[in-house]
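Each chain gets a letter, A, B, C and D, in the order it is written, and its residues are counted from 1.
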Amino acid sequence: MTYPNDFFILANQLIEAGRFIDSKGWVPATSGNFSARLSDDSIAITVSGTHKGCLQQSDIMLIDSDAQSLDGKKPSAEAVLHTTLYKRYPDINAILHPHSMTATLASQIFKTEVVLQDYELLKALPGIDTHEARIVVPIFANDQNIPRLAEQVDRYIDQHGAIHAYIIAGHGLYTWGDSVLHALRLLETLDFLLSCELHLYGVKKI
Amino acid sequence: MTYPNDFFILANQLIEAGRFIDSKGWVPATSGNFSARLSDDSIAITVSGTHKGCLQQSDIMLIDSDAQSLDGKKPSAEAVLHTTLYKRYPDINAILHPHSMTATLASQIFKTEVVLQDYELLKALPGIDTHEARIVVPIFANDQNIPRLAEQVDRYIDQHGAIHAYIIAGHGLYTWGDSVLHALRLLETLDFLLSCELHLYGVKKI
Amino acid sequence: MTYPNDFFILANQLIEAGRFIDSKGWVPATSGNFSARLSDDSIAITVSGTHKGCLQQSDIMLIDSDAQSLDGKKPSAEAVLHTTLYKRYPDINAILHPHSMTATLASQIFKTEVVLQDYELLKALPGIDTHEARIVVPIFANDQNIPRLAEQVDRYIDQHGAIHAYIIAGHGLYTWGDSVLHALRLLETLDFLLSCELHLYGVKKI
Amino acid sequence: MTYPNDFFILANQLIEAGRFIDSKGWVPATSGNFSARLSDDSIAITVSGTHKGCLQQSDIMLIDSDAQSLDGKKPSAEAVLHTTLYKRYPDINAILHPHSMTATLASQIFKTEVVLQDYELLKALPGIDTHEARIVVPIFANDQNIPRLAEQVDRYIDQHGAIHAYIIAGHGLYTWGDSVLHALRLLETLDFLLSCELHLYGVKKI
């Protein structure tokens, strides 16, 4: 197929994001998946089964807004988690899902949600202008049935209002932004804050 | 505007410092701000909202000694913390403020101050020639009102005498030196020692 | 001697793997050994006593399926652990044995085995398609008598069925795959999961 | 002065060692000092006050076997610790002294000595051929009087026999080998094992 022009620009941004994310150790083996929305609402997304630290352009494919392949390649099994978020949030254009140890441990320790407050860095999240904000990152049970998992996320947002990110237990973080670079900054922010919470939990529990 | 010649030299030093500081993971997302004083008392400082690991010359701007923009760019909201230190300490020419996890956790665990002693590395601080020195790094409550925060710092120094650095709670460390490189060495020193204290706290508390 | 053509291809893959493994800190000093099976059943393996982060082609040698040198070079003292695995598993073509701190600590803390479950990343292991799998990594006592150690491993597999990896206590992890790259992905996976278990152990025990 | 030919070779080895050691974070600020013995018994040693991660040839100087400067440059204040070791051990030709956090914490936690046993990696130390060896790394109180500190080390060896390394409390590790590269491998080994001991101490104490 002939890819739209912005596909190549976004694919390169996802490749660069993958290199950065891998340099932090957040995508061991072939874990993680990333996507970016094109101007025609189709979505560039990583194919299944590649190492995210050394993505090639051929490792990025195109799906439609219902997660159907547009170029015959096989998308990540979790593509529906991406399309569900794009449908709900018209303003976001990129979603990043790494498997960092921080998010994995946070889910095993905090079980249902992580509460973040009193951090200056919270101001890096959209719409937050003081460290006195209170941000909740919900944790959902892992599920190999992805449409069911997507519904669980959707229902949570219906009930609790907008969120900046969520964690799938024993699995990893999903976050999103208006561009790949923006989502990457939110990812740095959230991983830093989750890591702070894990350290403090150890000390407080002791 | 036409920048003075030493602006470009100092801007490059701040760019290099940012790369080093980011390589240590001390400026997640767009956190942190850095400055250096010019010979005419104007101050080169990072603009608001950029990632400090990949600063461009256009991300460094010029303010006067009262933190007013001299080139129309928008300085970091915390510029007044820099100018307050430059006024108090005529001998310092550079200030670095990263958001390291170490300083963030130290503030949450030690609350009001961190005491550093019995470390050979203390000799890296100006005027210290033995590991038997006792250095106090005060911790101030975070405050979105920056002039008020600057006054809090000023008042502390009035009462307690000269300090080498301070921490803003849940936020990060401020340190300074007679050059950008000198401030960078102090930053390495302090982050190392804060990290030692955090490790020892865990063990001692257990 | 004249090496077969695939020797050079596999030697280069082992050199690359060593660079990656060293970048993670998993082969301190001259620890670790790696091998890959050629099409004629001879085995390319690292020689004794070199740093695995900067292997040269001359640091890779050829042994037969009984661990006898085919080129006059001296193989790692642990070569028999490799040949024992190749005999048992006709489908594997590469074995990696680093000395990571994670595996060392896991052996000292968990003593006889590490159980891995409820991790999405388990799906990176061959034949696993859900996080609900339960994977056991056995730990064997260290022994300078390598044939005896190899027998211990063999006996364990006879009794317990196929395994994905094992740990030698105070020493390191052995894992294997159908190619060097595949074994490397399994190594990333296992080190990540062992590290999670160590973190959780600390928290749970507290 | 005209430096002997082997000075330049050894200086380059020390520069490379510094880059490696700094990449591990073991020489914060301007801490640490390194040396290598020339064939005429003079000693190439790092000058005082430079960052060891970016040494230039001009940062390496020449002292005689009594730590007197031979080229007018100022050696590290700890040069006598180096010459004392070279006098005692005719077979060693390089000494490395970083300020790693591991050694700093080990001294604060274990107080008088660190005992290392049941580690396969012990075999990287000269003369050790089994993990069943028991290695003691003594810890000496820090002292700004370097000749007195050197005597303390000397007396310990007189009483306890040969050692592979020692730690100065709150300060760092000294280790040595028959070449710069050999000393570097021992340093990797010891830092890894000290780090294991620190982790296990935390768990056992809990």
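Keep this in mind: a residue touches a chain if its C-beta (ideal position, glycine included) is under 8 Å from a C-beta of that chain, and two chains touch if they have at least 3 such contacts.
Nothing here was measured: the structure is a model prediction, and the numbers come from that model.
With steps allowed only between chains in touch, the distance from chain B over to chain C comes to 2. Under half of the residue numbers found at the chain C and chain D interface occur in both copies, marking it as a different-residue contact.
Most remote from chain C, judged by the distance between CA-atom centroids, is B.
Relative orientation of chain A and chain B, expressed as the C-alpha superposition rotation angle, is 90° to the nearest 5.
Mean C-alpha position of chain A lies 32 Å from that of chain C. For this pair, chain A with chain D, the centres built from the Cα atoms lie 45 Å apart.
The multi-chain contact residues of chain B, meaning those touching 2 or more other chains, are 202, 206.
Because contacts link each chain to exactly two others and close back on themselves, their graph is best described as a ring.
Taken pair by pair, the chains that touch are A-B, A-C, B-D, C-D.
Taken in their complex, chain D has these residues touching chain C: 118-121, 124, 129-131, 185-186, 188-189, 191-192, 195-196, 199-200, 202-203, 206. Per the touch definition, chain C reaches chain D in the complex via residues 28-31, 51, 99, 101, 104-105, 108-109, 142, 144, 168-172, 198, 201-202, 205-206.
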